[in-house]
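Below: one structure in structure tokens.
Which chain is which? They are A, B, C and D, in the order written, and residues in each are numbered from 1.
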Amino acid sequence: MERQLAPEWETSTWLNTPSSLALEELRGRVILLHAFQMLCPGCVSRAIPQAQRAVELFENEPLTVVGLHTVFEHHEAMQELSLRAFLHEYRVRYPVGIDKPGQHGEPIPRTMHAYGMRGTPTTILIDSQGYIRQSVFGAYDDLRLGADIGALLAEVRGTGVRNEGPDDSTRGTERVAGQCSVS
Amino acid sequence: MERQLAPEWETSTWLNTPSSLALEELRGRVILLHAFQMLCPGCVSRAIPQAQRAVELFENEPLTVVGLHTVFEHHEAMQELSLRAFLHEYRVRYPVGIDKPGQHGEPIPRTMHAYGMRGTPTTILIDSQGYIRQSVFGAYDDLRLGADIGALLAEVRGTGVRNEGPDDSTRGTERVAGQCSVS
Amino acid sequence: MERQLAPEWETSTWLNTPSSLALEELRGRVILLHAFQMLCPGCVSRAIPQAQRAVELFENEPLTVVGLHTVFEHHEAMQELSLRAFLHEYRVRYPVGIDKPGQHGEPIPRTMHAYGMRGTPTTILIDSQGYIRQSVFGAYDDLRLGADIGALLAEVRGTGVRNEGPDDSTRGTERVAGQCSVS
Amino acid sequence: MERQLAPEWETSTWLNTPSSLALEELRGRVILLHAFQMLCPGCVSRAIPQAQRAVELFENEPLTVVGLHTVFEHHEAMQELSLRAFLHEYRVRYPVGIDKPGQHGEPIPRTMHAYGMRGTPTTILIDSQGYIRQSVFGAYDDLRLGADIGALLAEVRGTGVRNEGPDDSTRGTERVAGQCSVS
């Protein structure tokens, strides 16, 4: 199958970042591009919290999480001013671009259209060379998303073989309720 | 850091498999070894469901999920007969080995001791060459576990570069509640 | 302790109802008044779904669920037009009144102030005679809320003694995952 | 509909209580009788945690929570010794009676049979006069269970009218994630 180069995104404004983000500048990093609408229940309950955890979990790895506000319905209800309050209240700290409105009355905004997205939430993985490697509309299981990210990060590392040994100290810090310890 | 070769496991019985599993026979595959006790609440609520999802999600990839019943307390309450009923009721279908009791009255069973586990649940990732790459006691975040599995699977594939394009058809089949579709 | 008569609410608009709701007209019914803001995460994840389940569960009993949009921050971001889209997307069907803005630049709206609410979500139970019987800011455990509703509904029934026998047919229709049936 | 007097339970042993519990001794109190099997997944994930919360929430009210271990399958796997370890690990502190085995090889134990239960979990509400008022096999929604308990507790209080005013201090102690406070 042909690999598809990710189209440059077309945005009107960027939030949570001092300057706008261009796809090209992120070459060399894996990109988790997550398209959402602030009034889309599935985005709020699932996709945004998932993106937030990805930011935390991979903060020391070459992964960049980018939000894209792709409003294709209720346009008047999801203006920039409302989006700013939303991001503040939901503690979303990663960069979010606002997709440029469609031309000639087209309700679907431009980047959303260029990527052929079918709705929100949509999660797209772009590899370090700028190719689209995954595009998932709806639920993206955490284990599956993790594995897809892990594979792309391995490519960045080149030979892919990390030499670390067992890394209990940095992993099992969170306790699972009801775990049983050897006394 | 030195990498540690995974010690061979010492088991008395295997369930859910026609013959016992030896570590050596799995060379070339990534192993998700998950140690549990049937009466450990954190194993039941979290680690076992996580292992079951890993079986489903990676069924077409070189990953083998292995359960290890490492009883270090309430030994009389968790005999093989009870374990069999437990596995049946919880629909656990992957192979489960019963760790051999410790010698000389040692409450900790042998494989658990050899791996230096501190309790249950413990999740261990063994790479395709037999080395321990991760060992986590307690909660292992799905995204993080997925990424660690993804990295090890990438090693198995060698160059690590999969050529697939966006794979929407096989991923986004599950719907997320409240997703919004372009009409 | 003195019982407090619920103050009449002061609203500018009503949604999801052909005409505005007055407290007095609901005399004889128990009222679950739930104050929220559309961009308050705890309202969206917890209080609104709880109110929706209350509507379904008590549809044949003298309980009325009323939403109150009490905007005390980000006023510009939560105007009526945005609220309408929000209620549509989240499938909120019960009546929602928009609390009247505070006077003289007071950020807290009028009904919110009259009830002494400390934030959102706030859940208030008003009995059939118009008295405030519970007022909870934050989490209101389902079991506890249920019990408080059940007690107030018992008052409406007068002697309080329902004569029904075991009512398996109408209750246990939902299956719990992993239940075990006698074959 | 005829109301049915709850049959006396027939048990072989009681755990978590110094002496056995008789139905008659609990006259004047509402009883939440919850039948379970220690290897029934739906009991472990849902019914037992629900019963535990009921104990905590209603500790100052005339409600008694009673567990009943009604083994009707895998009898050898769920003996008293295993049940004791289970109750210890899951921190179950309320009294649990072990239902007496059926006679003449009948797999269903005696109390389970007398109450006509169809499986586990089954939750039964007995009023202060000893009548069965609810019997639910499977999921018992928290709000619904709360309302049914609240109605029965109101009967115990007689006139049913509590005079308390708004009781914010004792209710909203738990915080809901993402609640918004007036500054």
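Everything that follows uses one rule, which is that contacts are C-beta pairs under 8 Å (C-beta built on N, C-alpha and C of every residue); 3 or more make two chains touch, one makes a residue touch a chain.
Note that the structure is predicted; figures quoted are calculated from it, not measured.
> If you take the chains that touch chain A and keep only those that also touch chain D, what is left?
Touching chain A as well as chain D, we find B, C.
> Could you pull out the chain whose C-alpha mean position is farthest off from that of chain B?
For chain B, the chain whose C-alpha mean is farthest off is C.
> Using mean CA coordinates as chain centres, what's the gap between chain B and chain C in Å?
About 45 Å, centre to centre.
> Quick check: how many Å separate the C-alpha centres of chain B and chain D?
35
> Round to the nearest whole Å and give the separation of the Cα centres of chain A and chain B.
The answer is 28 Å.
> So which bits of chain C are touching at least two other chains?
Counting only residues that touch two or more other chains, chain C contributes 40-41, 44-45, 89-90, 178, 180.
> Would you pull the chain B residues touching chain A in the complex into a rising list?
Listed in rising order, the residues of chain B that touch chain A are 1-4, 37, 40-47, 50, 53-54, 57-58, 72-73, 108, 117-121, 124, 132-151, 153-155, 160-168, 171-172, 174-182.
> Given the complex with chain B, which residues does chain D contribute to the contact?
Touching chain B: residues 39-41, 44-45, 74, 76-78, 81-82, 84-86, 88-90 of chain D.
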